[in-house]
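Below are two complexes that have subunit A in common, paired first with subunit B and then with subunit C.
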Partner chain A sequence: MEKTMNVNGSDITQQQLFFLVLQTQIGVGVLSLAFNVFNTAEQDGWISTLIAGLAIQVAIIIIWMMARRFPSSTIFDILPQLLGKWIGNVVNLGYLIYFIMTAALVLAINDQIIKNWVLPETPSWVISLLMTITGVYICTGSLRILARFYSFVSLLLIVLFLLTTYGLKDAEFLNLLPVGEAGGIKIITGAKEAMVSILGFELLLVIYPFVKGKSSGILKKASWANLLVTLFYTYTVVVSLAYFSPGELKLVPEPIIYMLKTFEFNVLDRVDLVFLSIWEVSVATSFMIYLFIASKGLAHFFHQSEHHNKFVPWLGGLVFIASLIPGNNELVIKAFSEYVSYLGLIFAVGLPAFLLIISYLFRKKEPEVMVNDN
Partner chain B sequence: MITKRLGQAVLLLSCLLLTTGCWDQRLFKDAQLIFSTGADLTESGKINTTVSIPYVQKSEQGVGEESVQIVSARADTPREARMKIDEKMPRRLDASKMKVIVLGKEVAEQKIYPVLDVFYRNPNSNMSAKVAVAEDSAEDVISMKGTEQQKISEYLSRLLEGAETSSIIPQQDVQLVTSIMFDPGQDFMLPLLSSVEGGSIKNIKGLAIFNGQTYTGEILTPEEGVLFQLLDNNKGRRARLTKKISKDRNPKILNYITIDVNNVDSRIDIVIDKDRNITVNLNTDLTVKAIEYPKDQLNTEKEINKLNKELSQNLTKEAEEIIQKLQDVNSDPLGIGKRMIAFHHDTWESLDWKEAYPDITFNTEVNVEIVQRGIIH
Partner chain C sequence: MNFIKKLFQKNENDMQIKDYRNLEDAKQVSSSADKNLEYIQQKLHHPSDLKERKLKNGKALLVYLETLSDQDKVNEKVVLPLSKVDDYELKDMESTGKQHSDLHKGIKELLKGHALLFIEGHTELYTFNATVSHNRSVDEPENEKIVRGSHEGFVENISVNINLVRKRIESTDLTVRYYKLGERSNTNVSILFMQSLVDPEVLEKVHERLQWISSDHIMSPGYVEEFIEDAPYSPFPQMLNTERPDRAVGDLMEGRVAVMVEGSPTVLTLPVTLMVFYQTPDDYNERWIVGSYLRTIRLMSFLIAVTLPAFYTAVIAFHFEVIPDALVLPIKASIKDIAYPPIIEALVMVITIELIREAGVRLPTPIGQTIGIVGGLVIGDAVVRAGLISNVMIVIIAVTAIASFVVPSTEMSATLRILIYPMILSATLLGFIGIVFALMILLIHLCKLESFGTPYFSPFAPLKWKGLKDTFIRVPLWKMNKRPADTQVEELKRQKDSRGWKKP
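Now for the complex of A and B:
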């Protein structure tokens, strides 16, 4: 199924899609993943992470199968076609709110961690505003610009990998044994925790029509990205599990940077700061993509799908304000995060599966002759 | 064109000046760095924190002379004590370059985590600081005069590093200590600094054995420390032992040999029989180099074999004593419990490890093989 759609040079190559998915999936979650899965699945947290990656692979296939039937439509166009104008638009609003909330959550967590680890005195709004401005600036450009930026900064992931690897120096792999001791239920619950950190593939719902080339290629690239992210995440979990004793890991919500804080190189005392500044880029990329797809959604409501950039500054402002609502209350942010993670499971996994079934049942798909409604 | 580019570059670079924040500056001139701190328990249960603060005394020649000021304060928690010290100082106390934390004996005999909490909770603290226990009061150690040119913090950290190099104490920092502290299957030991006499520390007295978070009062001597690191497969850069291998030679010096351990391979094997009796087989193989053998004549295979046997017996006996000592105070620094969790999980679950550990059987065996003899035989 060759696609021919091209919206004002905003289409991207499949290679770029790979980096988009990669960078969206790796985000705020990487720091606390090991802690989260350990709390539920104990030393089998790494199995949970692998299972989460597998579950997400299934979700990617579902989204792809659905999106393939509407190769030139974003989720915002698909929903009214499948569910009728009214319900479709209500669900569309749901997606819009979900994207906005995720973006706000990313800002809030970022602010919390930066304040805790690096800049305790700097006001929250400054930290969030800096991120918002960067995000708004890049999102007013086309998707292609976003994708190029993502491909470029993906190089930094190598540094994150190497820094994490240094932790193996003091690793005690006995901590990982016995394998499977936590039991199936705990491991599956842990997998749910881990899935929330690996969310991000749902961007496919919106950007699918902008990717050039065969649809099978799209699935391949998104899957490769997911595989890489899953392996990277599992790796960080294994390193954290091996580095910290079980009793200590319960107390350390950001194990990877806590571990790096201990290391001392001749010229460098706080390796955690190096890690955090690189991690900040990964946070930025996650934030940007949510801002971007939210602006696509908003543009859809105003029937201006081609001019998403008009809406970016407004959305940026909205997200910025929303992110400040929890204040510095860690517990509120945690509750917020849990809430959004449930939304994530609904909007990124549940709904797409439901929509796929509907589109098969009612044989709804895009007419073979391209109708370019833009 | 070029001027335009240049203009842009200058503009961008000057933007950099605006990107520094104003809130989180921690200027060196405002900070009073402390490199070592000591915590003691007062009779009323308060914490007495002592810090040594280096400063430069201006002399008439204009050449500054370095000196230290010892400040201590009593409060309910270490943090509060630090705040009180801060009040006495013109500059803000900054512990982010901390090198050595000394715990007084009484503090160590209580649970030690509460005293260290402040280090773990603050992102700026230095997690690679060393922890040591003072045989007596930590205040005495901190207020001691260092040797000629070294500040006390430097003196202590060199002392500890030296002991790590020669395998007397394990490579350890604050972070590693907590990691073990919260491990249900392992205990730790901390270097013990001997009492201050005549204003200076003599040496490291050995390793203070902890049971959980509490100092048991028992110690391993430095000699035993080295052997323990070998049993634990945790040789530092160097591990040297001087052993008596006979009794009746005259002069006495001929009774001894000093060996330098090249390689150590220590294996822990846990066997559980039908009746749930736990036996630990601890086999340690050492390949060593003879670095001093006053008796001389290390040239026949027979002589070497005899020495190997003698040394093996000698060290096995000493290792057994170490294990016995550890079991007597219910301390498990070898991490037998960790292996139980990993390999015999069911048994572990059914046991109260703290009760079972002192009664388990150890079969300890040390095998020594001399493989090098230096440049003479």
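Now for the complex of A and C:
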């Protein structure tokens, strides 16, 4: 199924899609993932992470199966077709709110970590404002600009990987034993925790029509990205589990940074600051894509899908204000995070599956396009 | 209101036509030579350098601008042949001259340095090319010296420049197009390209944008550059300025377009990417390992020039704990007695270096050197002894300044030095996080920038592994079988196997 659609020069290659998915999935979660999964699944947290990756692979396939029935429509176009104009637009609004809240949550968590680790005296809204300005600046461009930026900064992930690897020097792999002791239920609950960190693949819902080439290639690239992210996350979890004893790990909410903080190099002390600076880029990329797809959604509501950039500054302001609501209260942020993660499961996994069933049941798809099994 | 505006506009148009746009229509040559002369005098507003000579007992009238035409050529081409024949035929002159019946056309030729010949009783005129031009020799450009390779450079004469290119590419493929730009100055502008390599879209864009230029005067390629570039608000140059024929030829061979302007030795080539500014012809004259090494050094200089002072400022102001134990004491000792915060130190030093550079750049060489010594050594040393600036800051700023001058292109070097300011400022406000955000915005800007449809930051973004071949390293020439794709070149293949003689 070859797509020849070109939305005013904003289409991207499949390689760029790979980096988009990769960078969106790696975000704020990477720091606290090990802590979160350890709290539920104990030393089997790495299994939880793998399972989460697997579950997300299933979700990606669901989204892909649905999206390829509508190869030139974003989710905002698909919903009214499937659910009728009214319900469709209400769900659209739901998606829009979900994207906005995710973006705001990314800002809030980022603020908190920067405040705790790097800039304790700086008012946290300054960081949010900077992040918003950066996001607005890139999102006023086309998707292609985002894709270019993401491809380039993906090189930085190598540095994150190498820094994490240095932790193996003092690792004690006995900490991982006995395997499977936590039991199935705990591991599955842990997987749910981990899944929240790896969310981000739902961008496929919006950017699918902008990717050039065969739809099978899209699935392949998105899956590769997911595989890489899952392996990277599992790796960080394994390193954290091996580096800290179970007793210590309960006390360190951001195990990777705690680990890096202890390292000393001859040219540079405190590599955790380097790590955080690079991690900030990954956070920014996650934030930007949510801002971008939200602006696409908002533009859809005003029937100006081609001119999303007009809405970006307003949306940026909205997200910025929303991110200020939780303040610096850790409990509120945690509740906010919990809330958004449930929304995420609904909007990124549940609804697409539901939509897929509906589109099969009522045989709805884009009329002029033949769907082959390729 | 609109009505008045229209009125004014119309008036303006009328005046312009009266003023200079008066040679567009045709004007029949009068049969009376004196009338023609009078007309020319009036058109040119009685210039003092208009020379007129009656020949053949007043039957023929020769007119030329003595400042533009060569006296010897006029004699050789017109006066001598005329004097040889008694009862001359008009056809006699055809071997050296050209016949016109349009007087306006004749005036245009006159302004190019041609001599005009009128003959009493005839409604035609003859033009003779007697242009004289005073050229500099094709010396090596001062600002783009190289160690090995060609030492020729472009000059101020556009025909000499095109000659330099044509000599290097003996091919039917090389195409030259002339434009007349500048409503009043009628400056010669030409574009050169390889027909089979250049992307037609780029060519179309160049053509369209050149057509739009309505400035009354094109002083230098800088004018053209500002009129046709994509993003005028960007700090980055989007066209390469070069005075080297070999550089221009190399660019043509990669499918780029060269723009030449009469009166300037600088040639613009486009479209370009950021990396083009980091290449020099020297890279290809060295052995490839050496070339790669030097190129890597140059790319490192980019990073140093942009981030080093910001990094240091951030470390001193926010993240002192980043400094390893062994270095803490020396650095602390150096900044202990300094009264000012690091940003003031950094700004003072950056501006001082900028002052020294600006003062030295236009002075004669001996004085320039003095300025360098006074500025560099005396100020540098004294400022530390006086306790105004710390030792380490001097080292940092000096290294940064040197790194920013490593770039082979002066435009890019200036851009880098400008970028230091926002970097230092963001580092002072937010430490490492500030630097990260400043770099991100810089990167986004580079990703957004396009030069005639070519992504400026290619091959990094969009990421192309193959393109990196001629970026960090300079692979051996016999391995560069394809042209860089980022110029949207039409034909990628450059060669087959140039070392095919080597049997396995």
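One rule holds in what follows: the second predicted complex is superposed on the first by the 368 of 374 C-alpha atoms of A that agree within 3 Å, B and C clash if a C-alpha of one lies under 4 Å from a C-alpha of the other, contacts with A are read in each partner's own complex, and residues count from 1 in each chain.
Everything that follows uses one rule, which is that a contact is a pair of C-beta atoms (placed from the backbone, for glycine too) under 8 Å apart; a residue touches a chain by one contact, two chains touch by 3 or more.
This is a predicted model, so every value here is computed, not measured.
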Practice task
Superpose on subunit A as described above, then tell me if subunit B and subunit C fit or clash.
Solution key: clash
Practice task
Classify the contacts of A:Asp170 with the two partner chains as first (subunit B alone), second (subunit C alone), both, or neither.
Solution key: first
Exercise for the section: Could you tell me if A:Leu331 is touching subunit B, subunit C, both of them or neither one (first, second, both, neither)? Expected result: neither
Exercise for the section: Pick one for A:Leu162: touches subunit B only (first), subunit C only (second), both, or neither. Expected result: neither
Handout entry: Touching partner for A:Ala147 - first (subunit B), second (subunit C), both, neither
Key = second
Problem - Partner chain(s) touched by A:Glu280 [first = subunit B, second = subunit C, both, neither] - result: second
Practice task
Please work out whether A:Tyr137 is in contact with subunit B alone, subunit C alone, both, or neither, and reply first, second, both or neither.
Solution key: second
Problem - First (subunit B), second (subunit C), both or neither touched by A:Leu268 - result: second
Exercise for the section: Using the superposition on chain A described above, determine whether A:Leu361 touches subunit B (first), subunit C (second), both, or neither. Expected result: neither
Practice task
Compare subunit B and subunit C by how many residues of subunit A each one touches, and report the one with more.
Solution key: C
Problem - Part of subunit C, among the options 401-409, 419-427, 437-445 or 491-499, whose backbone runs into subunit B after overlay - result: 419-427
Completion exercise
Footprint intersection on subunit A (subunit B / subunit C) at 118-119, 122, 126, 264, 269
Handout entry: subunit B to subunit A touching residues, read off their complex
Key = 21, 23-24, 120, 123, 126-128, 173, 175-176, 178-184, 186, 335, 338-339, 341-343, 345
Handout entry: Contact footprint of subunit C on subunit A as seen in their complex
Key = 13, 15-16, 19, 114, 118-119, 122, 126-127, 130-131, 133-134, 137-138, 141, 145, 147-149, 151-154, 264-270, 273-274, 276-278, 280-281, 284
Exercise for the section: Can you check the complex and tell me which residues of subunit C touch subunit A? Expected result: 318-319, 321-326, 430-437, 440-441, 443-444, 447-448, 455, 457, 460-463
Exercise for the section: Would you mind writing out the residues of subunit A in touch with subunit B in their complex? Expected result: 116-123, 126, 170, 172, 174-175, 177-178, 181, 243-248, 250-251, 261-264, 269, 272
